[in-house]
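In the two complexes below, chain A is the common chain; its partner is chain B in one and chain C in the other.
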Partner chain A sequence: MQQDFYIKDWVKIKSGKVFNSKNEIFSSSEKDLNTFLKSMYDFLELKYPKFHKMDNLSKLGILGTEILFRGKEISADTALIFSNNASSLDIDKKFHESISGFASPALFVYTLPNIVLGEISIKFKLQSENAFFVSESFDAELLKNYSESLLTSGKAPEVLCGWLDLENEEYDVFLCLVSQEINIPFSEENLKKIYFAENEKPTGRT
Partner chain B sequence: MKNLQAELKESIIEQLNLEDMEPGDIKNDEALFGDGLGLDSIDALELIVLLEKDYGIKLTDPAQSREIFKSVNSMAEFIEANRTK
Partner chain C sequence: MKKLYLLEDAIISPMGFSTQENIKAIQEERSGLSLQHKPKITNAAFYAAIIDESQLNSAFASIGEIKGYTKLEKMMLLAVQQILAKNPGLDLTTTTLIITTTKGNINLLKDPGIFPESRIKLSELAKTIGQFFGFTQDAIIISNACISGGLGLAVAKRLGNTEEIKNAIVLGGDLVSDFVVSGFNSFQALSSKPCKPFSKDRDGISLGEAAAAMLVSTEKPKTSENIALIGDATVNDANHISGPSRTGEGLYQSIQKALKEASISASDIDFLSAHGTATIYNDEMESQAFHRSALQDTPLHSLKAYYGHSLGASALIESIVTKHAMLKNELYGSKNFGELGVSWPLNVVKEYRKKEIKYALKTASGFGGCNLALVFKKE
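And then the complex of A and B:
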């Protein structure tokens, strides 16, 4: 039997602005990424000291997920299917710089893009399927097919999927929570429509 | 020794990104790991780097670190006795 899935909610973080499916929820003219991330952390009133030890890709993932998960009952089986273009390049460069002196273990542990999935799983107590794909550009077909396969096979009741990209302090985040709860139909077309809306400069090679 | 303890607290906060903490929040005899400050295994590696970078001490026996990193007091005592810079 054909099952239908829906985008229950989504979040976008780009150029100092944060939106969800209802409205703009935060904006800042702060250009420095660290300061912007800290101001979002304060705005969300997160009390999670480990946040400050994370690399910026993980911080973006934690903040986006917090916005989507807040006030919702989230199953521990909620899968995470993320993608981006720059992989973990932001922290890779920082680690590379550190090895000319004393290599930093705290930077080294973040030199893989899928570490953010572990950080999200720890913070939100998920014990689920996860995957992080590195693509040339935002690939709605990949996200749709992979997420749908997990949902139809019953491996996950809900999937958090999307694009989490960071390079040269430029961030482009679009995450959506997919479930059977009737809302925006989960289709390639809708994923593209939401991702590209008011996104004049999508990251990755187009 | 008193200055070294204060210096260590500042270094620990900066090196381990303990953003919400002030030096005054760390007691000299407070446990750094476990129930105390709650540092983890990556923090332990960063402290080993800190010893080498700031005080010229290279730890060769990992088993030593358990005693050395017990508290700010134990770190300061070890540094006083072994520092090369």
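And then the complex of A and C:
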């Protein structure tokens, strides 16, 4: 049985700008990543003290997911399928630097890319399928195929999938929520179109 | 849902450079763990399973230039080489390479040697392996903590279901780097003795390095007896990023979902290959999840006292050993098991014995709250 899936909503965080499928949500000229993340946290009025203990990759994931999930009813079975290029290299380097003095367990715990999936699961109370893929560049084909395999086999009713990359303070986030609710068709082409589009207000639904 | 058949496999570990040597060592209860001293990281000696570099180089010299590859790459290349040598007809243009690792070439952070900075990227590791053999598709790379190796099999099955994959080689590997030793030491998670999964006097993990590869296919092979993956699930605990759930919720749910997909019940499972890291909390959590799943009487073992915890390779290696245990109808002893030291009763296999195994369950759990269950069937 052929089923169709749709992108219910998406979020992009890049170069100080944050968009979803409808609007520019937030923008800042702040160059320092920590300050930028804190200002987004304040803007969203998150009130989640655990946030401040997280590494920057997890912070980006929590902020992106918060924007996507806010105001929506989210199933606890919503699968998390994330990908990036740099794995957890940002925090790996920080932990590596700590080794020569006092190796920090608080840093070590974040030295796996899938930790952000755990943080999102805790914050949004998801007990669901998780996978973290690493690829050289954004792999729309893999995200689409793997998401569809979970959706069609009933392993997940909805999927949060996308790209969450951080290296040398450069961040690139594109997450989308996929369901059966009719909206933007969930295709490789549309994933690429949205991911590669400039960070301007999109002119319309594709 | 299509099944995934487990075909040729290879294990490169301190216990041997082939599956056969590894199985023989387990049958004879020989461990790969040995005493290690790393005074720059910790004054306390600890046990780890480490591959001897000169042995690795002499094995690798017959297939490639030893200076051109990192230790992990050589281990992984040797594993794939064995699969290809036994399957000369395999079409690499249609075979998907699925690589599973937690930290890849992380040791290059400390000492890059002759390698470019980019070599630390997992995508570079994948490219190096793909190009060595001439795989034409980009590899799929999974880095999902300590369930990675088993998740690689699940990903192959899932993508196989939608015709994206017919044949795949799932390749897992991780090193005992100063990075992970420092990290687990900072957690005070390293045992000063060879680890003792599920035992009363367990006090932490032993680390291990290894690589393993398995050829899998959605097409049933012509051989008379085959092992197939027929159910698979991962469920996050949503509880804590570094500590296991007190109730074993995510592991329990993973087991339930995998059994449901396999259309069998817990009582059908003849053997359970547990994660069993030998930390106080992990083994306790597993015992609760197994108890809740009505698996308390199912014979189970942990292989961590043989291999140490080989992180992103462990669940793949343990699936390979499970496959051979099923084909040989053998239960392997859970090495270093003494007196049961978890709150819920378990049937830990003390020593080698024969047993008919039709269905087996493999489980794994990892940082980030991830859990995995795989159901295998002999047919």
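By definition in this document, the second predicted complex is superposed on the first by the 198 of 206 C-alpha atoms of A that agree within 3 Å, B and C clash if a C-alpha of one lies under 4 Å from a C-alpha of the other, contacts with A are read in each partner's own complex, and residues count from 1 in each chain.
Note that contacts are C-beta pairs under 8 Å (C-beta built on N, C-alpha and C of every residue); 3 or more make two chains touch, one makes a residue touch a chain.
Note that the structure is predicted; figures quoted are calculated from it, not measured.
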Partner touching more residues of chain A, whether chain B or chain C: C
Which of chain B and chain C A:182 touches, first, second, both or neither: neither
Touched partner set for A:197, first chain B, second chain C, both or neither: neither
Touched partner set for A:52, first chain B, second chain C, both or neither: first
Touching partner for A:104 - first (chain B), second (chain C), both, neither: both
Overlapping contact positions on chain A, where the chain C interface meets the chain B interface: 103-105, 109
Sites on chain A touched by chain C in the complex: 80, 85-87, 89, 92-93, 95-96, 99, 103-105, 108-119, 121-122, 125-136, 139, 142, 145-146, 148-150, 152-153, 155
In the complex with chain A, residue positions of chain B that touch it: 16-20, 42-43, 45-46, 49, 52-53
Complex interface listing, chain A residues touching chain B: 38, 49, 52-53, 101-106, 109
In the complex with chain A, residue positions of chain C that touch it: 1, 41, 102-104, 106, 109-110, 120-123, 127, 138, 140-145, 151, 155, 158-159, 161-162, 164, 178-179, 182-187, 233-242, 249-250, 253, 257, 366-370
